[in-house]
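Alright, structures below, take your time with them.
Below, subunit A partners subunit B and then partners subunit C, in two separate complexes.
Up next is the complex of A and B:
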């Protein structure tokens, strides 16, 4: 079968499953779950088949979508190496997370709605992966936002979930406003929105990129990324999005959707001028360090992981800003593995402790849940970049590159290096804290004392993804070592999307002779972080030791620097005042002059005309006579 | 001596004026209606006079149609007036002002 047809099937399968669930299976939760998981694994299988039989030549089929007069707009697929990798990551992670959901949601009353939402999310994210132009990408971008909104609000009976879903949706709209203006400007400036044509145009004339318009377009397109990938200053929605069910947090708010922003930036990387890249780099690096620190101030296991996600999105943004989209994609893929494992592990724990999310009410779970504990431990090691685990390949390379830039291009890159190295320390701190408090020590509540290992629905995905968070980086790194034996899965040049950037930095580091030194620093940072948390948090009986020792600092972290309060203040005091002023003008001009004014004119005219209706036949005859006289006067030219 | 066109038109105008004055001053619906018919007849007289003057049959032919239509109109109009009288017990126009109030 034609690859293009298979890609179409991959895209439409989850839409079909969502439609069937929405129309027929809303009350049959188990059937909806089965269908959704089946479709998830079908997508995974088909994606693997596509990658296996694909010869590495870019596929770019298009179909006409809209036609206005002689302006036609087409939609289609742009299946290149980046898309192939993203398809692999999304379909693989999503399939396992859907299987996990079956176990996690087994007692939920609205499984039909949940799995329908997952299916529509799959449809949307696959659309983003395959889209060949910015408008199609934007359409699926919004669909992703919608499905995220729907799934965050799954527990809609709690106020917090409702507010969190609204917050996520509205904050994303702020970013998307910039995005859609950027698309319009892009069309105006480059004359096309097709990714391949845009790339060709930019490649043909590099002078275009220096202009103010190009900078503006780059910044506006970046707005979409800032919203969806929760970058500064729109990062506030991601941590609240944890109000959704844990598999949703794993799939959407850690592994795929927020990473789609990175993917989008890598897709249009040729459109980003230096200024935009620098902006992304700085905001990313600062966010990395700050969010990493904030993760220490959360007692909710999912919130802590959410800040960790923010921190790692910052790493990817830093890689983008340093000019290495392939490296950002590499870290995104590795992050998808270990962060999905961590969230699923957290989900398994939460499920076992009867929806208790406070880590200081858990403890001692390693003995009771060995599989969950094991996968959580290896994923923690991986995210903290312990050597030879997945995280170390991507994360340490980003840190190395920042240091190399510092050596070659100026001290401001040393600041970046410092920030992201500090974030690496924070990673080891908050992951160590989570692991030691949750899995070691004594149980701190009734539920934790009676927890037991989750069903195989949950442990199998945990083990698969946990295995990947150990091995994926090593496999990619040693792809050419396998001497072509792995090419059946991914052509070598597909992997080189990851590896080219990676090798470039590795070679540069070795040439400068700093490779081993930097490696050592990173390892020491990780080990120091874990060791410190073992002694600092490992013995905590109840309550956070940091809260006891430095309550002020802890509260700053807990409120994550009062960003939410700042935005609340802005909306309530500044924006509301502006709205009041506009409401006044609305009342005065629109309501009083336009609506009521025109109504009054019509009313007065009517009142005047009513006076002519006297109800006497003779009066009307006189009116008629007057009309005839007037008409005759006109006809005879009396008025000329 | 044969009367000329002017004589016919004078008579027609006089008839029309009488009819119009009747419509204006009389209060009885039946009389107003008769005056309307008088105005119609005045106009047909004018048509016949012009037709004769121009030596064509167009005007005369037209008059036949008008008379036919007028006959139908009288049937309907008188029926309305009779119905009105049965319902309101009056045919005076100054008492027939229900739409006004």
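Up next is the complex of A and C:
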């Protein structure tokens, strides 16, 4: 079959399964789950088939969708090396997470809705992966926002999920507001919205990247990324999004959707002028450090991981800002492996502890859940960039690059280096804390004491993804191992999207002679972090030791520096009051005063005129005389 | 060609009218079964004609999209003034006619299954409305265009006055006076247009042909356009002439609100699109800034007002006022993209607002109140209803997949060409509508029931019932169909846009290259 047809099938399969679930399988939860998982693995298989038979030549089919005058909306695929990699990551991770969901959601009442939502999500994210123009990208961008909303609101009975879903959608829409303006401006400025043509125009020097318009367009398109990838100042929705079921947090709010923002920026990287890149770099680096620190102030296992996601999105943004979109995508792929493992591990623990999420009510779970514990442990090591695990390849390279820039371009990059190195230390700290508190020591609650290992639906995906968090980085690094034996899956050209940036930095570091030194620093940071947490948190009986030692500091971290409070204040005190004033103005001034007022004037005039019709002959005679006088005055030219 | 196809449009207008007449005249003497059959007949025929016209129109074989379809011409004894009952559909009126048929069917079937006093008279008036709205958009004659609008408006007033909720009388009176003022202004404008054009014809086609050879002076155009703009503006609730709308819709019985907000209100926009802007280009040039700023008032100011509402039905009324702003803005751009987006948005908004009023009433039936502060947790009892409401809300706020998205997005793109600043201001509506829409969903359906609602909540509350489900599915299904396959309507719209929209600002820039000639697949 034609590859384009297969790609179309890949895109439409989840839409079909969502439609079938919505129409027929709403009450048949098990059937919905089976269909969704089946489709998930079908997509994974088809994607592997596509990658296997693809020859590396960019596919770019386009269909006109509708047209008004000169403007045509089109739908199409732009299947290049970036898209191929993203397709692999998304379909692979999603398939396993859907399998995990079968076990995790087995007692849920609304499995039909849940798996229907996952199917819509798959449709939307695959659309983003394949989109060939900005409008189509925006269409699917909105749709992932919707599926995220729907899945966060899964436990809609709780106030937390209720508020969190609303917040996620609205905050994302704020980002999309910038995105939509950016698209309009981009079309006006470049005359096209097609990614390939935009790239060609920029390459041909059609538009100066330094011009005000180009900077504006870059910043506005970035707004979409800021919303979806939860960058400053729109990061507030991501931690609340943990109100959704844990597989959703793993798939949407860690591995794929939030990372789609990075993918989007990598796709339109040629449109981003230096100023935009610098913005992304600084906000990303600051976010990395700050969110990493905040993760230490969370007792909820999922929230802690959510801050870790924020921190790692910051790493990816920093890589983008440093000018290495390929490296950002590399880290995104590695992050998808280890963060999915971590969330699924957390899910497995939460499921075993009857939906208890407080780590200080867990403990000693390693013995009871060895597979979960093991995969959580290796993923923790991977995320903390222990050498030769997946995380170390991408993360340490970003840190190295920041240092190299500092050496060559100026001290401000040392600040970036310091920030992200600090975040690396935080990573080891919060991951060590989570692991030691959750899996070691004694059980701190009844549920934890009676926990047992989850079913194979959950452990198999955990082991698969856990294995990848160990090996994926090494495999990518050694792709040309044994002279192209891996080429059956991905041609070297595709993998070099990841590797080009990576090798460039590696060589530069070796040339400067700092490669080993920096690696050593990174290793020491990781080991020191783990060691510290083992002693600091490992023996905690109940309650957080940091809370006991420095309650003020802990609360700042817990409240995420009062960001949410600031937004809550804005919504309640500024926005709501402004709207109330507007509504008051609308009713009092326009409706009552102007409209009903003029109605009243008309009524009063009528009443006044009615007073003249008194029915008395005398009165009419006087009116008549007055009329005659007026007439004479006119006739004699008195008024002239 | 079936030879008697020319009777289809007259049938679509006459059948609801005649059945309505029988129902009103028969009143209580008419047995219920007969009344139901008659009413169904009156609602189904226009919808069937509309869908038939849509199908034939959008088939790839329909070679002449620009031309009129299903035309007919009846003399009504006013030929001396150039007036006759000219009926026909072009690519612009087709979507509106389909809209009238579909919303008519949805509102009608809901009305048939509702329990009200003097039900036959009620159904008869709804049938009159359907007949009128079909006539409005099937007319190719300005006189009858106006005539049918008034014809549909009168039953609206009666429905609100008699069957309206508390405050129905007052709301009906306010609405009557206000809308009559608007209708009067637009009538003066239309007559002025007729007399200034000097061709002694009310035929839209004749007038549009004349527009190619402009004969009217700039001053005349300014004045006539001003009359039409404010007249139509009042009828479409242009800010600040909108205050009749939320109050009127809040009081109106559901089928009347669906038909008026969904279909009849589009009369003014359709008039601007088909008549005022193509025939009076200099008039628009003179007024366009005023109109655009007022329309921004609809989006931004009314948007903020909508956020502040607690009453569900008033909120729906305000949100419908807000969305009118986008359509005005699309028209002001005078480009194919803007006008096409506006035309599509008229269609899409009609369906989504009708669905929202319908579902709002379904919510009221379960909670006994429209106060969103006294609901909560309804999703636990009525998950399907909440699914429908969420879908309709998201359609309204322009989620891709529903037809509204293409309309809104086109308006935004076109508006940037017109005035970037205005586009930025208008685009804030994307956030505003998300705030009030999702806030309503969260207050009504999610969370736990409020204390005020708890007693009712503990009693039996049924999920959506068949007579609510099918009309809602009809409306939302059409929105999804057009959302996924927009070219089924836009091909016609694009072909039928009058020449005035053609030399668009877009064409000044180098031709767009988003299009690839290869188009192997159509959905």
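Please note the rule applied: the second predicted complex is superposed on the first by the 571 of 640 C-alpha atoms of A that agree within 3 Å, B and C clash if a C-alpha of one lies under 4 Å from a C-alpha of the other, contacts with A are read in each partner's own complex, and residues count from 1 in each chain.
Going forward, a contact is a pair of C-beta atoms (placed from the backbone, for glycine too) under 8 Å apart; a residue touches a chain by one contact, two chains touch by 3 or more.
If you're wondering where the values come from, they're calculated on a predicted model, not measured in any experiment.
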Contact breadth on subunit A, by residue count: subunit C or subunit B:
C
For A:551, decide between first (touching subunit B), second (touching subunit C), both and neither.
neither
Once the shared chain is lined up, is A:615 touching subunit B (first), subunit C (second), both, or neither of them?
first
For A:370, using the defined touch cut-off, is the partner it touches subunit B, subunit C, both, or neither? Pick first, second, both or neither.
neither
Scan A:56 for contacts with subunit B and subunit C and give back first, second, both or neither.
neither
One more residue to check, A:45. First (subunit B), second (subunit C), both or neither?
neither
Determine, under the contact definition given at the top, whether A:576 touches first (subunit B), second (subunit C), both, or neither.
second
Using the superposition described at the top, list the residues of subunit A that contact subunit B and also contact subunit C.
none
In the complex formed with subunit C, which residues of subunit A make contact?
8, 61-74, 76, 110, 113, 133, 135, 138-140, 142-143, 146, 149, 153, 156-159, 161-163, 165-166, 169-170, 173-174, 176-177, 180-181, 183-185, 187-188, 191-194, 197, 575-576, 578-580, 582-583, 586-587, 590-591, 594-596, 599
Listed in rising order, subunit A residues that touch subunit B in their complex are 613-618, 621-622, 625
Could you pull out which subunit C residues touch subunit A in their complex?
174, 177-178, 240, 243-244, 247, 301-302, 304-305, 307-309, 335-337, 339-341, 377, 379-380, 383, 394, 399-401, 405-406, 409-410, 412-413, 415-417, 420, 423-424, 427-428, 430-431, 434-435, 438-439, 441-442, 445-448, 486-487, 490-491, 493-494, 497, 501-502, 504, 506-507, 509-516, 518-522
Please output the residues of subunit B touching subunit A within their complex, sorted ascending.
23-24, 32, 93-94, 96-97, 99-101
